[in-house]
Structures are given as structure tokens and as C-alpha cells.
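Each of the next two complexes has chain A plus one other chain: chain B in the first, chain C in the second.
Right after this comes the complex of A and B.
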């Protein structure tokens, strides 16, 4: 386990070096945030029907989504995919530690560092200038933090699964393009999940992706009772455990048929 | 008991066979045909503790596949491997804690981190005791003369510096076996010498068992007491350098520097290997004609400036061995 913590620590330190990328990312995300806020404002002005969320809540939901976007921004883990492509993966297998947990640590680091660098300034900007509400209550803030921790763990598990597909295909292009589109829609980045039609709510609730964005954001906004919150957190962690077990199995399978070409 | 025991190791790969032409490529989308390539076709050898063994063979012979199997990275199709009583791919985590591996064409250092941070990270991954680690690290840094580059990010290192750092990285946890896969590939002369010297000292002073693959015959000649030659996944020859030469040919070479005006030596029992300028290299079989006799005859007939009796380069021996397998 200490090996994995060392890996986590080292990766976070490396990733925190990429500050310019973070600044550029924040600018882009704020720009697109405005576009989406304006779109939803137009919807809310043109419709008199009752909505499951107030206009202010939607705006906050959008800014939270922009701030924590990188938690739902999937693709394959660049470092692992580079290792698999170039064959440096041989060295990972010469470490006296479980490859699965080493890679999971890498994925967790790859979520935490870039997401934190973007999220913290964006939340501050949001509170100050962009109409991001404060958490609904102290309990809401607490639940939000718990859910966010789960969101990181879940995001890392999903990205590890994506990455493990490389053990079959080598090139991660396809999944890197498909992944974000699907996850953005199902996690609530494109349209907040409560605004989806009633009929497909059960599907959205059953899938793991709402645990990435929708659950933490709704807890933040106080849109869930604490009982609902506890249930949602339990589901989130259920998915984390399930996906990790699946990943372990896939990796064990992949390593058995591993072929590293060339000298 | 030997430290490394390899018996009848087998591994084959399935390679997709491509049919020619656009139509063939299209057909390949629907139905693929595969071809089995035997990378290891029953390799057996033993290595004693403290040995320094060269493992050579032409490209595609199965050298890296063997190393990867011994390092617990790949699972073979058949055969038995025991290293210090462990089967590498079954007890991978325990096994790899005792071995060091360097793949010359890849680096295990973190590209964006200063070298020293990669070392510290490895310390944590191997759960090495801080004090012992510090001592071993300082020793390695001194022996490999990498003190000046420890704070440099790996991406800025030259290949020679990187290779020395990689060697240090592979040894931080004090393994008793070191696998080196082409450790001198692409290095300049100075770095090659540094790497060789280090490996030799490590083997002599620390008693670390070394198994090394290379295409550089100077590596073999300066380092290895024993050479295993493989081709097409089989062991062609296994023994000391002397035995290897003997098994191919007992020929010796005589290089003669002639005085002016002589450009031909026609000596019975010898064969001219090459001529450049005043130097003529003759091959002869010392079992048939003793060298003293040949030298005496040449000196009698021609003005000779200098003489040198040597072994044919090991390249020739190995090349001869490779070419025989197809004959």
C-alpha cells in the first residue's frame, strides 16, 4: 500500500507542474460556462412551466460542472497508454507491488491534481462574480465533500477501466473520443440530470455516472434530503467497488496474455 | 544449487497474417489468419550465483523474451523456471523484489522528475529502509559518477547519463540478480566503458549475478566468462569464450606489418583474410601448423616490421555460428 501512496504523491507533484495548462483550461471552461448559462437562461425565460430546479440552482449547477469538469473528462490515462504503447510497461511489472493498485494510484493522481488546480480558482471566481451559490447548509457542504471524494475515486476507477481497454487495442483514440461524450451527457454536464424527462430518470439513477457530478452538486445545492444523500453515496461507493473488481479481473486477464514486443 | 534454473522454456506468439493487396486487407477485416511464431522453442540453462553470463543471438532470437520471462513480466507457454526457489510469474511480487532489470531501450525513470526524485520514489515502492537506502544510493552515485546530474530532470539527460542512472535505479534495492537487456545500445565509447566497468565491479565486488544480452561483442569479450548463444528460440552454444571459439573454429589470425615494396605473402597453410596498406592479416590453424613455424618462415622471406597473433574477432565466430544453423 505504501508503494501506491508513494506513486500517488509523486504523480500529484508532477502533475501540479502543469500550471499554464490549468490557466488555459479555466479560461475555456468559464467561456463555455457563460454559453451554457445563457442557453439555460433563455430556456427559463421562454417557459412558464414549473421546473424541477430553480433558475439560480441551474446556474450554480452549471458553474460547479465547469469547475469540476476534469473529474468527468474521460479518456485513457495518458501516462499508462504511453507506457503500453512504448512497452515501458515492462518496468511496472518489475515493481514489487500490485500493478492494479499502482495504476489506480496513477489514475487518482491524474484526477486530483489537474481538477484541483482548475476547481479551486473557479469556485472562488464563481462565488465572487458568476452567481455560484454558497452550499445550502453546513450539512450540505459536508455531504458535498464526501460525495466529491467518492467522485474522485469513481472517476479514477472509470478512467482505469478505459485505460485497461488498451491491453486489447493499443491505440486509445476511439475510446478517448467516445468516452467524454457519453460521460458528459450521463453525468449531468450537458444538461443537469434533474431536467431530464421523468421516464429516463430511473436509468440515470442506476448508472454510475451521476455519482461523478450530479450527486455532489445536488448535495451542495441542498436538493437531496440527507437520507437520499446517504443512499446516493452508498450507491456511489457500490459502483466504485464493483468497477474496481471488474478492473482487477480485466488486468489479470490482460497480464496473462501480455506480449511486449521488441528488445 | 544453481541460482537460475531454466528448463525447456517455450513461448509462441500469434501473429496476424496480412494478405497482400487492397482486397486482402479488406478480407482481413472480416477473417484474420494467424501464424504461430515460436519465440522460445525449448530453452534450458543454469546460472550459478555470482556468474556473469552473456546471452547473445541475432535479432528476433528470443533474448528479450527470455529476459522478460525470467523477470516475471511474461508468462511462458511451457517449461520451468526457478530463480532462488521462486517461479517468477507465479510469485511475481516476491521475485521482483530480489532482482534488478534494465532494458537498454527504455527507461524506468520518471521523465519529468529530477533523477533523485525517481530514486526516492523507487525507495518507497521497494519499501527500502531509509538508512540502508541512503548508503546504497551514495555508493551507486559515486561508482557511476552521476552526482552532478541527480537534480536534472530525466528528459534533459544524455543517453549515456540516463543509462547510468537507470543502472543505479535498478540496483537501489540491492538485488542479488541483475538482468541487463542491451545495456550499451546506442552509447558512445566512454559511456560504454563506464557501464562495462561498473557491471564488472558489481559482479566481482558485490557478487551480483548478471545475465546480459547484447549485440556488442566487445561487451561480451570484456565482461562475460560464459556465453550462451541462441537463435530461433534454441540454445546453439553454451560455454566459456574459449569453448565458443573452439566449437566454431580453432583459427588464429596473424597480422603482419610489412616493409616497403612487399604486398604479397604466399605462405602455405595460411589464408589471407584482408590487406590494408602494409598490414596483411593471415588466418591459420595452430593445430596443423604451430605459429612459431609460420612466423619464422615469414620473417625469413620478408622484411617484417611488426607481428601480432590474435583471435579472430568474436563477431566472426558468432556470425559463423548463426549462419550454420540454416545450413
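Right after this comes the complex of A and C.
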């Protein structure tokens, strides 16, 4: 446990070094936010029908999405994949701590540090200039914060799964490339999930990916009652536990058939 | 002529090195195809919900999407060599290019041909073919000619942007994420008719980074729609040449960058 916390702490410190990158990233994300806001504005003025979300809610949803973008963007952990490729993964396996939890700590750090560095300034800018609404109520804000905590844990679990898929080099390469694009769409960041067709809503609600963006954002906007919110949070944590168990099993399987290359 | 054969020789080396990992190459190309398809799925969901955008249907927007994505795929395949300029400069390897009896832009360009971009190209082509089919447009020779002109012009425009991105490294040493606003931003913005955006934004992508000239204007001629901005047919036919001009201008800027290059190596 303490080893994992130390890893978490160290990685967050390393990642907080990249401040210029964060500033450039914020500017880029705000630019793309503008493009998306203008696109949705055009869609809303083109259609007189009533939609599950108002135009103002969608704008807030978009800016929250840009602010917390890094929680839904997945790549593989470059250092771990390099270890797997070069064979130095062996050293990791010899450490006197569970390699699974060490790697999970790395993934959590990789989500917290850059997301916090980019999210806080963007939310402030959003409130001040960009038309981001304030949370619907104090309860909404509280639920939003709870859901974000789960979102970080969930995002880290998903990213660890993508990295672990590399233990099966060939099929893993396909999964770790295509998977993130699919998760991106299903998290609600491309199109807010309530705007998807009615008949696929049950599928979206059952999948874990709405826990990344859609659940926290709808809680923020007050689009869920607190009973719905509690259920959504329970589901979010259920998925976190489930995915972590899957990850442990995949790692155990991977280690059993691991052939270390190099000498 | 000799330059061309040298270029082909460079490309042959790049292709052969990519083919060393054949299965990996196939998987990555397929993945690229699927990723772009998922992106289009998002667009389809929006049209399912809203029906149209400022009077444009999904099929019409599909033409805009297909044209700009094909152009971008070509540029990514051919000119992504400029992407690694930061690395070339940091390691001091750029010095080696200066010693060889060929232009630096040529050598950076020739060092890589990213074959996996076939994935995006194929996906964009499918969308374009579907769009033409759905709109019932006939494949007349003038339509095909303008389409090719616009795509090649677009490939030049995006290549020019990659050259500028590489040139920037002479000053910044690092590649900057913010440049993505021009490249990916241009592709993203050009997927829709630019009139849906606010005027200031439209002006940036018409005059500064002339995405409109290889997409918005020619697409009107291809669709046979009257431009609400009032461009004439002549403008719509001539505008793709702005892409070539942009590339030429970018190469000029490149030369300025090379002149102020100071080596970081030892």
C-alpha cells in the first residue's frame, strides 16, 4: 500500500513539471471547444424540435468535456509499453510489491496530474468568459465531485487495461489503438450521451464509459435526481472493481506466458 | 529527373522498413480506418438527432468530410517527415542534412512515407462515394476534375502546414501541441460548410489558413449549390490553386528558418 502511495506521489510530481505543455494544451482545448460550441449552436438553430438537453446545457457539457478531456483520452503508458517491448518488465516483476497495484498507481497519477493542471484553469475561464453554467445546486456540486473521483479511478483502470493488452503483442496493438476511439465516443465527449438515439440509450447506460464524462456532467447540470445519481455512482464503482479484477486476471495470464526477450 | 529517382529511392527504403513488421502494419492501418469510421459515426449521430445543419444534409456534409479527409490523409502520408524536426534538431542530426548535396526540405520530406494513412484515405473515399451516390450526382468529367484538383490542392495546403510546423522547430526546438489547431482544427472545421461558424472563425480558415479554398468553394461547384457568400463559379474553380501557393510560401519560410539554424549538437 505505502509503495503504491509513494509511486502515486512521485509520478504526480514528475507530471506536474510539464507546465508549459499544460498551457499550450489549454489553449488548444479551448480552441477546439469553440469549434464544437459553434457546431452545436448551428445544429440547435437548425432544428425547432425539443431535445433532451437545452442549448445552454450542451454548451456547459462541452466546456466541462474540454476541461476534463484527459480523463477520456487514452493512450498506453509509454514507459510500461517500452518495458514490455524491451524486456525490462522483468525488473518490475521482481519488485517486492504487487506490480499490478504499482502500475495502477502510475495510471491514477497519469490521470490526476495533467487533468488537474488543465481542468482547474479551464473551469475558471469557463465560468468567467465561455458560458459555462455554475453547478445546479450545492448537492449537484457535491455529487459532481464524488463522480469525478470515480471517473479518475475508472479512467485509470481502463487505461491500465489498454496497456495490459500489449502483453499480447499482436492483438494488443489493435485493441490499444482502436479501443480509445470507441471509448471516446461512448463517454459522451464527442456527442453528449443524452443526444444519442433513444433506442441505444439502454446500451449506453449499461456500459462503463458513461461514468467517465456523462455521469459527472449530468450531475453537475442537475439533470439527474439524487436517487439516479446514487445509482449511477454505485454502477461506476461496480465497474471500477470489475475492470480491476479483469486487469489482475489479464496480468496474471500475461505473466504466466511472458517470454522475456533480450539478455 | 534525377531528384525524382532519388526521391523514389528514399521512399523505397521507408516502405521496406515499414514492411518489416507486416502484421503490425496491417493491424495499424485497419485500426486507423476504424478510428476514422468511429469519428464519422459521431457525425451521423448528430444528424440523426438534428436532421440537418443550416440546411445541409448529412450526405452533403459527407462530401465536405470526404474531400478534406482525403487531402489530409495524403498530406499525412507524404509530409509527416516534418513532424520529427524537433528530434532532428535536438539530436544535432539536422547538421548531417546540411552537408548533403540536396535541399534540406527535400531530404526531410523524403525520409518518410507513412503508408498506414491508407486507412484514413480509404474511409474518407467511402464516405465521399456514399455521399455522391446518396445525392444522385452524376460523375461528369468536370466534376471529377474539380474534385481531384481540390483534393490535391488540399494535400498541398496541409503539407504546407506540416512544413510550417517543422519550421517552427528552428525557433522552439520542440514541436508544439498548439499547432494542432491549424492542422487538426482545419480538418475538423472543414468537415462542415464554413458558413455555420462565426465570421471571425470563418475568416481565419479562408484567408490565413485557406481551408475554404480547397473545400468550401469547390464543394459548391461540385454540389451545384449557390454559395450564400456569393462566390462565382470562376472563383470556385480557381480557389484550389491557393493550396499550391500556400505550399510554395511555406517552403520560402522554411528557407528563412534554415538560414537562422544554429546547431545544438556537438
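The definition used in the following text is that the second predicted complex is superposed on the first by the 255 of 263 C-alpha atoms of A that agree within 3 Å, B and C clash if a C-alpha of one lies under 4 Å from a C-alpha of the other, contacts with A are read in each partner's own complex, and residues count from 1 in each chain.
Here is the rule we use: a residue touches a chain if its C-beta (ideal position, glycine included) is under 8 Å from a C-beta of that chain, and two chains touch if they have at least 3 such contacts.
Keep in mind that this is a model prediction, so the values were computed, not measured.
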item	value
First (chain B), second (chain C), both or neither touched by A:86	first
Which superposed partner A:10 touches (first chain B, second chain C, both, neither)	first
Partner chain in contact with A:191 - chain B first, chain C second, else both or neither	second
Chain B versus chain C as contact partner of A:28, first or second or both or neither	second
Contacts of A:182 with chain B and chain C, given as first, second, both or neither	second
Touching partner for A:39 - first (chain B), second (chain C), both, neither	second
Intersection of the chain A residues that touch chain B with those that touch chain C	none
Footprint of chain A on chain B - complex, ascending	13, 59, 63-64, 68, 71-75, 92-94, 96-97, 99, 101, 103-108, 110, 112-113, 117, 121, 124-127, 181-182, 185, 213
Residues of chain A that touch chain C when the two form their complex	21, 24-25, 27-28, 31-32, 34-35, 38-39, 42-47, 51, 170, 173-174, 177-178, 181-182, 184-185, 190-191, 195-197
Interfacial residue positions of chain C with respect to chain A in the complex	23-24, 27-28, 30-32, 34-35, 38-39, 41-42, 45-46, 48-55, 176-178, 180-181, 185, 188-189, 192, 196-198, 201
Contacting residues of chain A [partner chain B, same complex]	2-3, 5-7, 10, 13-14, 17, 86-88, 90-91, 93-98, 255-256, 258-260, 262-263
